[in-house]
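What follows is a pair of complexes built around chain A, which joins chain B in one and chain C in the other.
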Partner chain A sequence: MHSALQALPDPAILAITAALITGFSGIPGIFLRRPGAGQIIAAILTLLSALVGIPAALALLFAKSTATYILNWGLPFGSCELAIDPLSSFFLIPIFLVAAAGSLFALGYWPAAEHRSTECGLTFFYGILASSMAILVTARNGVFFLMVWEIMALSAYFLLVTEHESEGVRRAGIVYLIATHTGSAALYVLFSLLAAQSGSFLLPAAGSLSALPPAAMVIAVATFVGFGAKAGIMPFHIWLPSAHANAPSHVSAMMSGVMLKMGLYGIFRTLTFFHDPPLLWGAVLTVAGISSALLGIAFAVAQRDMKRLLACSSIENIGIITTGLGVAMMGVSSHNAPLAYLGMAGALLHILNHSFFKPLLFLGSGVIIHAAGTREMNLMGGLAKGMPRAALLFLVGSVAICGIPPLNGFVSEFLLYFGFFYQLQAPSLVYLVLLAPLLALVGGLAVVAFTKLYSSVFLGTPRSHGAAHPHEAGPAMLLPMGLFALLCLLVGLLPQQALRLVAPAITSFMPQMSTAVNAAEYGALLGRISLMALILIMLAAAVTLFWWWRLGSARVNSAPTWGCGYQRGTSRIQYGATSFSELAVSVFNGIIRQRITRPKLSGLFPGPADCDDRPTETVLENVIAPVFTFAGVSFAFLRRLQHGQMHVYMIYIFVTLFILMLWAH
Partner chain B sequence: MANSIIHIFLALVMPPLLLGVIAKTKAAFAGRVGAPFLQPYYDILRLLHKGSVFSTTTTWIFRAGPIVTLATTAVAAMLIPFGAHPSPFSFQGDMILYAYLFALGRFFTMAAALDTGSSFEGMGSAREATYSCLAEPTLFFALITLSRLSGSYSLSPMLVNISFGVWLNNGAALLMLVGGMFIILLAENCRIPFDDPTTHLELTMIHEVMVLDHSGPALAIIHYAAALKLFVLGAFFVHLALPYATGNPYLDWGLFIISMLELAVVIGIVESVMARLRLIRIPQLLVAATILAAFSTLLVIR
Partner chain C sequence: MITIADQFLVLVLLINFVVLGTSRLIFSIRAVAVQGVILGILPALIHPFSWHLVGIISMILITKGVVIPLLLNRAVRSAEIKREVEPFLGYVPTLLLGAVFTALSFGFAGKLPMLAEHQNYMFVPASIATLMTGFLILTTRRKAISQVLGYLILENGIFIFGLLLAEAMPIMVEAGALLDLLVGTFVMGIVINHISREFSSLDTSRLTSLKEE
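Take a look at the complex of A and B:
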């Protein structure tokens, strides 16, 4: 076995090759005349690179060593180092997985025959996005990192505005572009300061920087703003709902399942540079994380657009991960090894879990859009009848994302809860245990949001003509969903194996902490969870058999739903998406805002009237938009510089360079 | 081993008896003779032999609702200790699984209700979703308090730990916890003042309205699962409120049965002397329960 592994080529080379193949996957399609051929080639190439890349990433993860390569690039920013340590290889797994699943899904969802004008660009930029993320996690030079980061951000923009004929899509694109470049600006600050601290643009080695100088504080703030804007941590989440809602579904899956994690990767990576981080850093991350989780899921409850709901729940999940990272950092600062280990294990495992169930749900939303022709949940209903397979797979995703046993979401939240409870006997930071009820509230709201989503889409009777005749999706769309559903179930049933998967990344993140923890003990705990999950499934099977036996011995009839004496029920009097969440929204009035336009009724027999409820984006509408309007008005004089004449722009660049040169001398 | 067998036997057999005792107490307060104690058993057996009607609107989700509810409640019953005896399955962190098992059951109950396309059942599940979401943090505050008092992370040691000695030292915290958990016990089991299981107006119901379309064996499973849930949450509550133990295993089982019956009588009395609350008052009472439990947590971790 061992010699067979040695006979294989270096896994790091394989992983980088796989990343490059993904990047080139869209190029043949540009030169091929026949529509569709390029898309199929791209799907095959991406699948191949996943088949190579995922085993390579796993091999690197368990090798526990760092493979380093130097790219000869001839630019004056020091040597361009590529390195794959366990943390990088851990992030490579979801990148390859989601990229392959999405490109297969695209064959059914965005067929070239129907979308001739957009398919080519979509396939091209999709490959570039996946590839840039894979390269990003290996980059060890600050400037190279920023370049790849920009490629990632811009390719995501081009994917997002695929349907740019629509006003909403263009607006979402602009908001995304501004948000991502605000983040990038902070990253320029970050990497310049890092270079000033360490003397070169190479990223500092783990634990090599001190967190004491004031510059370290600025670095921490720049990290939080720059990477937080990409990850969608509150209050930098404003771009996220509209961007995810308006992109094609497999692109949303990629953005939500993987691209947000690149922001988190940046935070993880930057934190490794410092030894002895102050307690404040962890505390800020924890507070930002738990408020993102709470507010994100509260917004999700109020949504009526299916994909916006999913996007808001991404904010929630990123919040949960950030909370885990925050308490882990507090564990590191206070030399509390179990807290650090449990927080980190929960955060990393939730990253993996979220990259299973969120793409599953976003791909599912693509299937639903095909069947119902809308994203508006109030117009759907009864889809489970026409598309039972998609309904089952979507149910797996919905249960998993609520963090309910026996699926994978529960496992990562369990580790976090256990970390919080562990604080009760700890010498310090006892108050961290109060995060447990907050996380429970998040879980409760998640159940509201996802029963709302699932039942208003799949259950009941159709609420519009569009949803009345759904058709089952093709295998190209169901296969990727099935794969993700299977992974959700596997992690839920065998959590101890999933913990082994994240263990190397934890060790590389905090070597001195993880040796102080008895990791086998937590593995054994998760083993008990797995046992209980099996008992649960067996009991459910037993109840099913018993019921089936009783059903066999008596008459079984079909009849319409009982109308409680009311005979003229229509599908419009069903509880819809908005009416289901109305009570929850009214109870959580302080957190969730809904703009309700009620009709004015007068007279004894009022005529037809409309009532409209819309969730509002409080932060975007009340804080960010006024600031930008103010900036737009006060900097109006600068617009004279911007007139669309290319040669004058080039003069600007030349003059700027000349002035900088003079200044440098 | 013997204890585990008694545990499973009690969980299987005893739950409907609590409903019988509650009904009998209410009858006594109303001056009636009332149905026999074993009436809930007769009802369940009767339903098991009846035919079923399935709505044409429904899919397999509708049938999965009762199954998942019963299975999750049964697993939760395996985790909770009865009286002074530890539960058959006990491990560190089982309290988190315990709390989340109910969420799984709730998810499927609500989905099954919405599967019928009936607006009444939708109304019920919207209420269930909101109220249970408010009840969730209370349970976690209670678990924190108990974990702190016992120094353990598992339901069995943390509940069996409560004794008169603990009450003497932490009387205020436990008193508030008992208050909060009693509210949750009534709310989660849809008893008066939150919900009236016997009302005949669908508009005002929560749990019963969600299962309007289930019939025959499915309804039997639902009734049994509801009784089991009352039993499981009641066993949790009895540990807090009536923490007596003798040390003799058989006497302790007897004490546990007696205290469960006492609890049923108390619930019956509450139901007899109170009216159902208006729906808009329910969230306020649930938040009050959360705050009571949060106070008890603050008292023990300060």
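Take a look at the complex of A and C:
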């Protein structure tokens, strides 16, 4: 046995090789003339590297040791260290998984034969994005981290503007670019300060920095701004909905399922550097997290664009994760080991879960867009009849994201609830229990949002010609969705195993505390959930069988869904997506509004008229947009410097040089 | 040997004025090629023999004396232009400015804190004067080809400065700089073709129509 283990190559090397192969997967396609060949090669390479990378990451996760390599790079920023500790390997799992699923999905969703001009670039940057993220989590040198970070941000930009003929896509690209570089600016501050604190660009060891000096406070703020902008924590979420809505669906899946998590990884990683963090840090994270969760899901309810809804729900999920992290930090600060353990386990498990169900939903949205030709939920309806398999898989994702048992979303939220209620008997921080009703509100709104999404897309009767004749997606598109749905179910059924998956990462986060918590106790608790989930599934199966049996023995009438008993019901009588959510959104009137322009009706028989609605964010419209407009106006004089006269540009350089020469004199 | 090197540098400075004063593009290209060749020979005069040096010199001679002029000649022929008409600043004013800048650079170089063994040579002033000439051409000429020539002269100025260090400079750096130059010219050649196709002239001042409003 021992010798067999030794014969296997080092898993860390395997993981890094897999990351590099993913990165190079798009390159053959550039040189191949025949359209489609490059895409197939890329999919095969990405799948292979996932088959190698995921077991390697799992092996590293359970090895509980850190593999360190020094990259001989010859740049003057200290040695470039690559290291894979359990936290890194935990994040590697979703990266490889989503990358492979997405590249397989692309074969059906973005076939080279139909998109000859864009497929090549899309495949290339897709590989680069996945690879840069995998290397990012191993980087242990601040400068190298920033380089890889930029590669990730830029390749995501190029993926996002794939359909750059459309004005909306270009706008979304610019907003994303500004947001990501604002974040990068904060990261430059962060890594410079870290280097000043620790004396080299190598990232400090866990728990090696003190949180007391004022510089630590600046580091914390820079971390929050820089990584928060990438993760989409409020108030840095502005770029997120439009970017996710306008990218191709498998890219949205990658961005939402994995890239947002890189922001979270940054926050996790930076927090490990400090010992005894102040309570304030955890409190700020908790407040930011819970408000992101609440507002994010409120925004999601108001959307009428399917992918914007999913993107807003990503803000919600990131908010939930941040809440868990914040609560865990408060637990660390107040030396409350169970709270820290539960918060951290909930946050990490939710990261894993979100990277299962959100890609599932985004890939599903790609299938829907193929079938209906639009992202507008008010124009769809009745798609479940034409594409039952995709509808079932989408339903699994929707149930999972709402946190309903027996699927995986429930497990991670349960851990958080448990942590909050645990505070009732804790000596301090009792008020944290108030987070429980807030999280419950988030869950309830999520149910509203996803009921709206699922019912207006799949149920009822078609609301437009495009949605009238849907077709089932091919295996290349259904297979990845099926895989994610299976994973959602597996984690929901075996939560105690999933907890084992996150346990090493928690240990690396707070080594001094892990001994104080009886992790087995929580494992047993989750074991009971697993039992409950099994009973639930059997119950559901029994009801379904009974229903089928009744259906077989009775006369069956078919009528339009939600026909309300009318003889001549038309599709326009049924609830639309907007009308469904009108009441729920009106509760949040100050923050988000569905601005509905109603036609003026007059006379007994009014003529045809249009009704239109636009979800508007109050903060964005009344605070952030005016600030940007003001900045644009007050810096307009700078635009005069950019006039297009090449010669005068040369003179700028010349004058600068001249002034510098005189200065040196 | 150093005195011969100084004479060559005077030649380089004269070529600067030739390029500043002529409107015929083919002639300018040849002048810049000659300048490149002279600069290619210079290291042989001031440094002792080594194979490293031979490599560098032959590479410089081939790129600056043969490849780049060929590329530029082809661009001129395919764009069918012969002269630089109406530059932003006339030929006489640019010549005068060139003279002023050359004088200034001699004055400036005299005040620089230099090593004793470099004190009396013309390397530094010639380098700065050539740099300035490059800048003058870049800023005052309209045609894209003249811009390329300005860029080449600018690079020559930097090269002269590098001559002081040639022995300390590893071959990779030299090769890298040369490659940079070649690729730069190549890219600019492509740009020239595109400009002439798009605007049916090589007037770079028309590029303002690309400006985003």
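Quick note on the criterion: the second predicted complex is superposed on the first by the 606 of 665 C-alpha atoms of A that agree within 3 Å, B and C clash if a C-alpha of one lies under 4 Å from a C-alpha of the other, contacts with A are read in each partner's own complex, and residues count from 1 in each chain.
By definition in this document, a contact is a pair of C-beta atoms (placed from the backbone, for glycine too) under 8 Å apart; a residue touches a chain by one contact, two chains touch by 3 or more.
All of these numbers come straight from a predicted model, not from anything done at the bench.
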Which partner does A:Gln574 reach: the first (chain B), the second (chain C), both, or neither? first
Touching A:Pro560, do we find chain B (first), chain C (second), both, or neither? first
Does chain B (first) or chain C (second) touch A:Tyr422, or do both, or does neither? first
When the two structures are overlaid on chain A, which partner does A:Ala436 contact: first (chain B), second (chain C), both, or neither? first
Residue contacts with chain A in the superposition, chain B compared against chain C: B
Please work out whether A:Pro480 is in contact with chain B alone, chain C alone, both, or neither, and reply first, second, both or neither. neither
One more residue to check, A:Gly296. First (chain B), second (chain C), both or neither? neither
Both chain B and chain C touch chain A at residues none
Which part of chain A faces chain C closely enough to touch in the complex? 642-648, 650-651, 653-654, 657, 661, 665
What does chain A use to touch chain B in their complex? 381-382, 384-385, 388, 391, 395, 399, 402-405, 410, 413-414, 417-418, 421-422, 424-425, 430-431, 433-434, 436-438, 440-441, 443-445, 447-448, 450-452, 454-456, 458-461, 525, 528-529, 531-532, 535-536, 539-540, 543-544, 547, 550-551, 553-564, 569, 571, 573-575, 579-584, 587
Considering only the defined contacts, which chain B positions touch chain A in the complex? 48-61, 63, 66-68, 70-72, 74-75, 78-79, 89, 91-94, 96-97, 99-101, 103-104, 106-107, 110-111, 114-123, 125-127, 129-130, 132-141, 143-144, 147-148, 151, 153, 202, 212-213, 216-218, 220-221, 283, 290, 294, 297, 301
If we count contacts the way the header does, which residues on chain C are in touch with chain A in the complex? 88, 108, 111, 135, 138-142, 147, 204-205, 207-211
